[in-house]
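Input: structures, listed below.
In the two complexes that follow, chain A is the common piece, with chain B as its partner first and chain C second.
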Partner chain A sequence: MAAFGNPQLKLLERLCNASAVSGDEGEVRRIVLAEIEGLADEVKVDALGNVLATKKGTGRNRPRVMVSAHMDEVGFMLVAEEGEGLYRFETVGGIDVRQLPGKAVLVGKDHLQGVIGARPIHLTTADERRRTIPLDTLRIDLGPGGKAKLGERATFATRFQRNGPVLIAKALDNRFGVATLIELLRHAPENIDLLAAFTVQEEIGLRGAKVAAHAFDPDLGIAVDSTPANDLPSHDGEENNAYNTRLGLGPAIYIADGSTLSDPRLVQFLSATGDALGIPYQFRQPGGGGTDAGAIHRARAGVPSISVSVPHRYAHTAALISRVDDWKNTLALLQGGLARMSRDVIAGSR
Partner chain B sequence: MPDLLPFLKDLLSAPGLSGYEDPAAEIISARWKPLVRELSRGRLGSLHGFRPGSGPEPRPSIMICTHMDAIGLMVTGQTGGFLRITNVGGVDARVLPGQLVTVHGRRDLPAVVAQPPARLLPPEIGENPVPLDSLLLDTGLPPKQVAELVRVGDLVSYAQAPMELAGEVICGHTLDNRVSVAALTICLEELQIRPHVWDVWAVASSQEEVGTIGATASSYELRPSIAITVDVTFAKGPGASDWGTFPLGKGPTNTVGPNIHPALQKAIQDLAEKLEIPCTLEYTPRHTGTDGYATQVSGEGIPTAVIGIPLRYMHTPVEMVAIKDIQRTGRLLAEFIARLEPDFTGKLIWEQE
Partner chain C sequence: MKQLIQKLTETFSPSGYENAIREVIHKEIAPLADELRVDALGNLIARKGTRGKNGKKIMLAAHMDEIGLMATHIDENGFIRFSNLGGIRPQAMTGSRVRFIDGTPGVIGTERLNDGGKAPGLEQCYIDVGATSRKDCPVKVGDVCGFERPCIDLGGRLVAKAMDDRIGCVVLIDALRQLKSSPHELYFVFTTQEEVGTRGAGTAAFGIDPEIGVAVDVTLTGDTPKGVKMEVALGKGPAVKVKDSGMLADPRVVEWMTGTAEKARIPYQREVLEGGTTDARPMQVTRAGIPAGCLSVPTRYVHSPSEMVDMQDLENSVKLLVAMLAKPVDF
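Then we have the complex of A and B:
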């Protein structure tokens, strides 16, 4: 198995600290292109901005395996200027407006610092404090005289940090996946053709994956993403039986989400891989949500697909929390799975 | 003061919640040490710096009061590795979800204010703000480790680092009221080269955010002849445009109202006009919400003034202040002190009926 340690975490840090709101993924794309240079037989950037990298194996009867990770993150777009460094903005992707007041943001390619403030508590009424602050009253404030261009994107300003087993960062969803794909390309096995898609616009409707899967025309697809761990206590002390995933229990294998029924043979294959290699894994609770697999499995004449995610808490907020070991085990499970992959896996009965 | 910003950033990065001001007091003490003859701590934690004047004894004294305590959170309990919290000082729970904080446990731990998923909250909350008692702190560490490192009563500070934004503003948490401490520091440095007749008490007061406690104790202990409180006031900006708000970067405010001695207020305003330091009158019909409320009624009563530094987004982790306003305030204080005549208190008279 490939090494896991500081170089991988440093790569993840650079990826998390980069800004890449859906439709404006250039900063992450540049890191990806630089990291995978020389690792693949062919690399291209398609019409939407996906990075498509092909690394051919050498064995006979190799399956074409697509792995997909979205590069984009949720964020903001500046939509109107009010002078004196104040800007109206809209959200891009599913952001809870309650997560916005009192946050630092970074605007545009130059990471211009700004803030989203809130009315001083002293000037609010008790009644007002029981109501959510609406988006149309919030502003990105660059400071008096601060200048940005309308249409520029902004992200939360959180910088990546590690505290022992814990990672705290923005955009772990889905820089985990991006970093994983880079590592998979670095150590691509010879028994498959590895088709790595670093996709755009997942957060606004799996749009990059749709065309990437069409272009690759794979035999099977694996979306590598990051999924919520809602493993917090319930307010009433009752058992939390809707946790989705739990931090610390390893990669989350998908059986069903809001857009995809995973191919049962791939569920069986990946869990058997984990068992055989002694890698912990968990099944994501079947339910809503979705990944690039939602687009991949519908491509062309259909592509047997599955998703594997690194769990994180606090999806689509300024500060997500994850565990180093969950990522390490996700990478190990996928490396182990790809090394054991053959056409037989998807030839058998369901 | 060319190195104002590094000092201010250090001060803004230090913890020091109400009642636990030592980390801030240490940074201020180090800076004030060469600027004052004596440094001491009041019984309730305020920092007192004394600069003797040059006049004949008994000399009158002026106290400049700037509170150094910060608002924040406190741990009230643990549940499955997550921490329950309450507020220290005035915190709008609507700015908390997703904030990075530091839990001052057996060691400092980074943590995030967690807004639990809707399914785990009382259903009546819906899309409304999640109240403080339903928010949690998450260090991401396993429950056993959290139990070892954190206990009830541990303090929690905002972790937002100070930032410099366009237009020469500084932004971060606890600008309320450490920018005023910085202004007082500028004043003390100017007084190094400006003779002054009066004694000066530079006070970084404690526990302002929980009821002007430190200033109450310090003004009684020090018994100054007059007291000027410097605190932040509301700057105009998103969500704040009413008559009680003041433009950012256009100078400090000088408060008019029942907490203020009108003759002292007028003397400050006259001086500001003479020096061409922009200074807006701020009308406060009742409680100023500052240490001035406490100093005025200390002992037999102390003539009090309140100077305000306009600040946006008060009591959020992204408070914003124009650096120029800090400098102007420091200069105004120094000029006022340097020009105090031995008999100035005799001029603090009420208009005859």
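Then we have the complex of A and C:
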């Protein structure tokens, strides 16, 4: 088992603080390429910008295991300049517009500081305060002289913080996955060929993973992602039966989401791995949503696939909150799973 | 034939969990096929014949999965919350009976509704398996169930759950049985995960790499009181799909179907379906694209636990498919 501590958290911090809105993943890609240098037998950046790294094992009859983690995050794109440093913008990926007014943002490759402006309470009526502010009336304000180019992306400005067992950051979805996959490459087991895909454009429709899976043509696929925990108590005291996942219970293994019915053999295999190694895990509640597995399992003639996620609260907002231990256990479960992986796992019928 | 329909429709195999139905179909077709295999997503693929001089490589697809439910939460009193596998009709919920894959039966209940005139949302429904606590509930999160309803024989018409698309499976099985000779290399494919987005047929088509694709699936009818506006009616023959909301059937495939029906004096109807699609869609856009179409069996009450088909339509569907496959195609 690989060490887990400060170096891993430092890596996660750098990844979370980087800006990589879908379609503009360069900043995270550069960190990934630097971190994995020398770790893989082959590294390439494909036409869409995915980083595809192959680390061959040495055992006999090795399965080709694709593990993917998307590099992109949800954010904004500037679409019109209105002078005085004011920019109209669109959202990229699933963002709840109700949460935007008053948030600090970073624009472009140089991380220009700006604000999504909100009219102060002094100057609003009670009726206005009850209504949602529509996106087309919101602006990113860079201040006078602030200059950005149309098409540039912006992210939430939140900086990574750790408070003991707690992590607060933007973009934990899915820098958790990216950091995990880097660590998996660092300690790749010999019994498999590890096909690591750091993918692009997941948040706008699993686009990078689709071409990555076609290129890798793997025997099985695992998407490593981060998923919402809606685990707060109900306001009316009723049992919360729609929590999706819960913080503190370990990695979330997927049985079904809106994009994938996980291969039952892999659900069984990963949960048995957790049981055998004493690693806590939970099942993500079956429901909607999607991960790279949605594209991987439909590649070519089909790929048995599953997803594993680190849970976090407040998905796709400016500030997510998560637990160090949930990440540590996710990494441990995947390392344990890959080390025990063989073709036998998917030999029987699905 | 009726026995086969009963056997197939009374098997529980919601999307992604097609093991049971695959075994049943495997037994039926094992003596008829030249080669049988199961692919990575669980599609059952039966090859019959090889590509003759005037032949083509043709993929026929009928999906073997059915709509169902999956447990998402067991509450402290043993009630099971669930999400859907495929298009579930909320108005068909209350009082429905379900059976989990391990055999556990249950009934669907609903919370007290504020507006009794409105169908409940899925989040207001739960499954009761007679448990009294989370601990004694035999169902775990992720367990899957299908709707339970026996197949009934109304004489000329049959009613069952999962006619969509076990009736298509019956058409393929019977066509495989009746087909004496064909110039074509035929792949009879019983696909998975259609109800969650035609997933199995896509990967099967990539693997087979056919030159023509034909799906056999159910379609809606417009012949019930104040029903959907649609030309297709029960009992007027198989429906030749021209278009649905996910696919424009290749005109050459439409012509192949209608021309064959006219020559063989088999009644048929032309179908334009405004909502939904079939396995023909992923076949059409596989790899570099192929001509594809769909032969539909008219079915009433689709996606309810009581789907109705007409025996004449079924027999004529098989006849038409066999006639289509017996001769070379000219495109």
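A few points about this structure:
Here is the rule we go by: the second predicted complex is superposed on the first by the 348 of 350 C-alpha atoms of A that agree within 3 Å, B and C clash if a C-alpha of one lies under 4 Å from a C-alpha of the other, contacts with A are read in each partner's own complex, and residues count from 1 in each chain.
Keep this in mind: a contact is a pair of C-beta atoms (placed from the backbone, for glycine too) under 8 Å apart; a residue touches a chain by one contact, two chains touch by 3 or more.
What you see is a predicted model; the values in this text were computed from it and never measured.
In this superposed model built on chain A, chain B and chain C occupy separate space and fit side by side.
When both complexes are overlaid on chain A, the residue A:Ala47 reaches neither chain B nor chain C.
Judged by the number of chain A residues each one touches, B leads among chain B and chain C.
Of the two partner chains, neither chain B nor chain C is touched by A:Ala126. With both structures placed on the common chain, the touch criterion links A:Ala3 to neither chain B nor chain C.
By the touch criterion defined above, A:Tyr314 reaches chain B but does not reach chain C. In the superposed model, A:Ala242 lies in contact with both chain B and chain C. In the superposed three-chain arrangement, the CA centre of chain A forms the vertex of an angle with the CA centres of chain B and chain C, and that angle is 130 degrees when rounded to a multiple of 10.
In the superposition on chain A, no contact is made by A:Ala34 with either chain B or chain C. Once both structures are fitted on chain A, no C-alpha atom of chain B lies closer than 9 Å to one of chain C. Across the superposed pair, chain B and chain C both touch chain A at residues 242.
Residue ranges of chain B in contact with chain A, taken from their complex: 79-80, 82, 90-100, 109-110, 112, 114-117, 119-122, 127-130, 134, 136, 138-142, 160, 163-169, 171, 234, 237-240, 242, 244, 248-249, 289, 312-318, 320, 322.
By the touch rule above, chain A contacts chain B in their complex via residues 85-86, 96, 98-99, 101-104, 112-124, 129-133, 137-139, 141-147, 156, 158, 161, 163-168, 228, 230, 232-236, 240, 242, 247-248, 313-314, 317-319, 321-323. Interface of chain C with chain A (complex): residues 15-19, 22, 38-43, 70-73, 75-76, 81, 83, 85, 123, 141-142, 193, 196, 199-200, 202-204, 206-207. Against chain C, in their complex, chain A makes its touches with residues 239, 241-243, 255-256, 261, 264, 267, 283, 285-288, 297-304, 346, 349-350.
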